[in-house]
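Have a look at these structures, which come just after this line.
Across the two complexes that follow, chain A remains constant while its partner is chain B and subsequently chain C.
Moving on to the complex of A and B:
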């Protein structure tokens, strides 16, 4: 370890420093409102973003004796997490301003959890995977329960904590079994040992280890049948937190899943493909069918988050391990788009919410376009993007992922995914129908916060921009995928 | 490879077996003469006061949490101190400064608790703004439902 190695993880260090500074400011410089803390947090997030991509594009540097790896894959995710963090901090400022006893710890937790996500995306050792997963999760557990006066938020935090602890235990046991059978926790060595070892391929304990790790990661990405927490937690947590969870935690967990799959190529895929295929099909179908029946926007988005986990798993199945892998590129692109559309959609709930009680009933959004044409337009863009309608980023995400699946010859799976997308369009477009074609009722929602509408606007405009000019993000995703194959 | 795990299971069986055997043998051999003194909680003569099943101040829990700050610190300081000389030869002053940074970050946790006033055993009431006081008087007037869930959604008009 040395100063040079530390410079490779500069974005993470900036975030941790930011968390410490905000924590001390919060404790020793009391102010009635906490807007200044949101600005300090945003400054540190921007610093992290600026230091994220320097010099890593064409290198793949192993750090701290193989615990982390600095490469374009990690810096692609670092950029996504910085954008997620910035949008969450600005929506969180809106949310905290409304609270009678605000909890400025919100910013600290977002900064630390984001640092955990970045670490997770660059981890190349099972132990550092576990540690960074916990750094991320513990922050998010507390964030889910940050609304002290709401029993639903407390319930969400508690549920997430208990079930998350179970998932962590599964993951840890899986790591122990893999260490016991191969004698290593490092991805690099693990991959090499799995390469030429016939005894390992038939070792049940070894595969049980992999299975437990997939359970642990599957919990974080809300894969059926480990999804039960999702609707309650997303619906109970404050909207900015729910958006942060949906976007950030999912992206981080998929980052580590993709790295693991690449490590275990091709042996892991041979064994796990039938299982993962079953999970993928059940996940997307279940998510979409249950989402059809939801009358609450947040619950609907929770089930849609499950469905999107299914689409992404379909992409994971198509990872070939060749240089210039189309599926990995597609997954990275999809996750960037997915983060923006989720934060935008949950941001709309923040926009219309009030001091006491969050407002997310679909009926309340009826006729919103008359009072708030811009916010309605932004929300509609997010919905079109979630449904995968061109010219939004969501369309290209689905296009690249499903395209890679067809390239791999899994046409049946692609057809199931496309049918699912068609079903999903119904409930996404229903929101648009409510916004534009329904008469506002007695209790129609009104919002008044400029900052919230600006945050949703940024997400929606980025979605449209990426939708019209996908090549720049695709190039970044290609570099990220190439970093895994070590072909630049 | 699986054979390596057999050692673990043998060890587990021995550990459980040792405890069970020790308990069974002492149960079988010991004389059974129960009496009032023998069945009191502290056989040494200490008189128990009241039931142990009382509610503790939640602040004890906080004290236990602060303890972790120092606990974690020592867990890492000790091995670091043991290999410090070798590390100094390889890494130079970095070996020293990285531990300084680590302890500083841990101390931030303590500083936060201190700044928030949680080290004081007797705390004043948290500051309340006007809206809180208003909500409190409404709450205390008894016009709310006893079901906790409905407190936030019941009769209270929005935006007051």
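Moving on to the complex of A and C:
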């Protein structure tokens, strides 16, 4: 371990330090409210973001004996996680202000879990994958259950914990099988051994190991049939937490999935492509069809999260392993856009919620545009982006991912994905219809929090900005993808 | 020679767009004064910047007259790159000057006209957006960005035509404009895709849609030029209201009158002509498409002029007159006289804006009475409106030395060189135009007052904010054409010389078509640039041109004379004409050739039926609502019950299905070992 190596993981260190500082502040400087902690957390997130930026160089540096890797891929995700973290802290502050008991541990958990996400996106060893996955997950389990006097929040956290532990067990078992058959857990070595070893290709134990790893990651990204925690947990967890999960956990899990696929190319892809294709189709179709029937915004977003996992899996299938891979670039772009639109959409729930109980029934959003034109506009932008309508970032995300799929000759798959997007447009635009074209009912929602609307606004404006000027983010994504191919 | 980069071009677009965004976002919160100021000053700013660009351009040597402003790379898609990039060449300079100038006057006028309207701020937000979109259209240096503006003005026309949407008829007119335009846009899009297909991979990583790149690769485009030209022209027939897609424009008067002025003069309808002129390098490759453009233009001019003769609604007359004048412009483009077409676009902008705003002034004074049968004798009560509209009438009729004379004369002369039949049509339309415009004026301002008793005493001249724009445009209607004072009258036609670098392809093409004599003229004008070449050519065509000019002036004066005599002294003649041929002809014209009814029967009704029965009742209501949505949500049909079974909130079920997934994976792996 050297100082240089530590400087490469500076963003993670800043977040851990931030977590510790907030924890100590909370313990030794007790105050009734916790607003000051949100500012401290934000400062550390910004520091992490600034130090991540220096990592966006054209280099790929193996760290700590191959456990982590510092490259533009990891830095891209680090930036996404910082933005997710900042928006979550901001919305979380709004949420916490409404609670009767102070819960400053919210910030600590967000900081630690974000550190876990960054570690996960930089991990190049199955053991560090597992450890960082747990670092992230345990934080999120507790965050989901943070509302102590809400049984729904408790239930959400509990379910997520049990099923998460279940999935982790599969993941760990898979790692053990891989280690048993190849004698390594490092991506680099693993890739090399898979490349030149014909015996492995016929080894059931080896493939079972991969299968179980896919199960573990598939659980985190909400792939059908490992998705079932999603609606319950998203609906039960407080809205800022749900947004954080939808945006961050998904991005981190896809980061590690993409790294794994690159490592195992082309053997892994040959073997798993039809399987993944089946999962991708089922996942997006299931997510979209069930989302059609939802009358609660958070549940709808949960099923939409499942559907988006399907689209992203389609993108994963199109990874070619060539230099300048269009699919990887598209996935990175997509995840950046996806993070923003989910935080924005869940942020709207935070905005209208009250001290007692969260408010996310679609009917309550009817006519919201009359009272809150700005928030309605921002939420509408998020919905358009989720539906993939230009000029929003969501359009380009879909465009780049599906474009890469077509480039790979999988036209049929692209058509299925596009048909799914068309179905999805129905339930996203229904929200817009509620906002702008329905008369507000008796119990129409009202919000009053400036900070919440500002956070949603930041997300929406970024979405529009990226939609109008996609090239800058695309360039970052291209660098990230190039880092995997080691062609700069 | 490298184009010169000037960064203020983007502000020409951004100012009105920014105004629109600001007004749109703060809707109903700002005081009227602020709204008026923001809206008109942003457009004024655009106008001043346009003027700056114009002068900067003029200071350059003729061959290098090009200013560019590349804002950013908009769509990097594989090898294709599409930029948000603006340019000003002589053609664009003309367009932006009169678009912003006329639009500014319309803004000023609207301050008076829309006073007290509930949607005052919304109106100005749309108006600014409209201008901004039109400026994107004319400033773009590539086809996709032009298309953004193209769609943008389509959207704005929809919003503004249906501005008073509480009245169903208005929103129906807005929808009609939008849908008819969509048909044209479809053609435009196909044309653009055909260009992409033709050029993709052959022009390297360049921005293949940029006009400069396309113009350099005409040899690649030549084999499909006819198809591209016709498809793009299909878009133009929508936007510029030509046969067969002209039906939306007359209905577009449902919007506030200044909007009609904006649509008919400065924005929207001129887009089609501009696009054809901008793509001149493509059109000259294809005599077929050119012929189609010319014939459609001539026919539209004739059909619309005959309809205009019979209409009683003052705005309807003007609307059909616009359609007819647009026909002239396409006729000019079709015979290769792109410069003459653009010249008419500009002069037409002056007098048509004036006519609409004058009509608006009358309508305003008469409490929204638009029927000319209930007007009359307004001359003394509204002197400014009367005098300015009279000037506009002389201009549109082509009376020397009003603006319309010069542009129309140039079009007719160029048509004469190309085809005598088309010229004859154009000539006849000139007479009809003079006649129906005189009719309009006679019925509105002369004779006895037919205004109903209640309002007759309240009739008064409009406020200054409305009359000043009228006066400015009145002056422009008089002198606006002098810039193109032709050679045969001792001028130097500086307008044509100014545009010559843009249309050098057009001139070359024309040269090919017209044989040796003109070829010398045209290619001299093209290559040796320009003023001198054009001058040598004058003598060849001068006498013909003079004869034609005298003939059309005589016809215009005859039309005016007949108009005044019939509608002031001999109304019985009009009555007799109405009954002529058993009243059939009048019935046909008054019914506007029943084009709307034919479209209704052939397209709208079947389409409606298809939408209603197949798409709505079966697919939407039946399949989606009935089976999918209600099926899951309400009745727990098959799908719903299965889903509920799966999503029952019970952890052990989740774990079961989880395990099932694991088994599927393992099973698959075993099978495919």
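Note that in this section the second predicted complex is superposed on the first by the 486 of 488 C-alpha atoms of A that agree within 3 Å, B and C clash if a C-alpha of one lies under 4 Å from a C-alpha of the other, contacts with A are read in each partner's own complex, and residues count from 1 in each chain.
By our rule, a residue touches a chain if its C-beta (ideal position, glycine included) is under 8 Å from a C-beta of that chain, and two chains touch if they have at least 3 such contacts.
Just so it is clear, the model here is predicted, and its values are computed rather than measured.
Novice: Please work out whether A:445 is in contact with chain B alone, chain C alone, both, or neither, and reply first, second, both or neither.
Specialist: Neither partner.
Novice: Touching A:199, do we find chain B (first), chain C (second), both, or neither?
Specialist: In the superposition, A:199 touches chain B alone.
Novice: For chain A, which side has the bigger count of touched residues, chain B or chain C?
Specialist: Of chain B and chain C, C contacts more residues of chain A.
Novice: Would you sort A:112 into first (chain B), second (chain C), both or neither based on which partner it touches?
Specialist: Neither chain B nor chain C is touched by A:112.
Novice: When the two structures are overlaid on chain A, which partner does A:150 contact: first (chain B), second (chain C), both, or neither?
Specialist: Touch partner of A:150: chain B, not chain C.
Novice: Based on the superposed arrangement, let me know which partner A:76 touches: chain B (first), chain C (second), both, or neither?
Specialist: It touches nothing on chain B or chain C.
Novice: Identify the partner contact of A:292: answer first if only chain B is touched, second if only chain C is, both if each is, neither if none is.
Specialist: After superposing on A, A:292 lies in contact with chain C but is clear of chain B.
Novice: Mind listing the chain B positions that touch chain A in their complex?
Specialist: Residue list for chain B touching chain A: 1-2, 4-5, 91, 94, 98, 105, 108, 111-112, 114-116, 126, 129, 131-132, 135, 148-149, 152-153, 156, 158-159.
Novice: Using the touch rule from the top, collect the residues of chain A that touch chain B in their complex.
Specialist: Touching chain B from chain A are residues 1-3, 16, 20, 23-24, 26-28, 100-101, 149-152, 180-181, 199, 203, 205-206, 354-357.
Novice: Name, in rising order, each residue of chain C that touches chain A in their complex.
Specialist: 27, 72-78, 624, 628-629, 632-633, 639-640, 643, 646-647, 649, 651, 653-655, 657-658, 660-662, 664-666, 668-670, 672-673
Novice: Hey, which residues of chain A end up touching chain C in the complex?
Specialist: Spelled out, the residues of chain A in touch with chain C are 159, 162-163, 166-167, 170, 202, 204, 207-208, 210-212, 214-215, 218-219, 224-226, 228-229, 231-232, 271, 274-275, 289-290, 292-293, 295, 373, 399, 403, 426, 468-471, 474.
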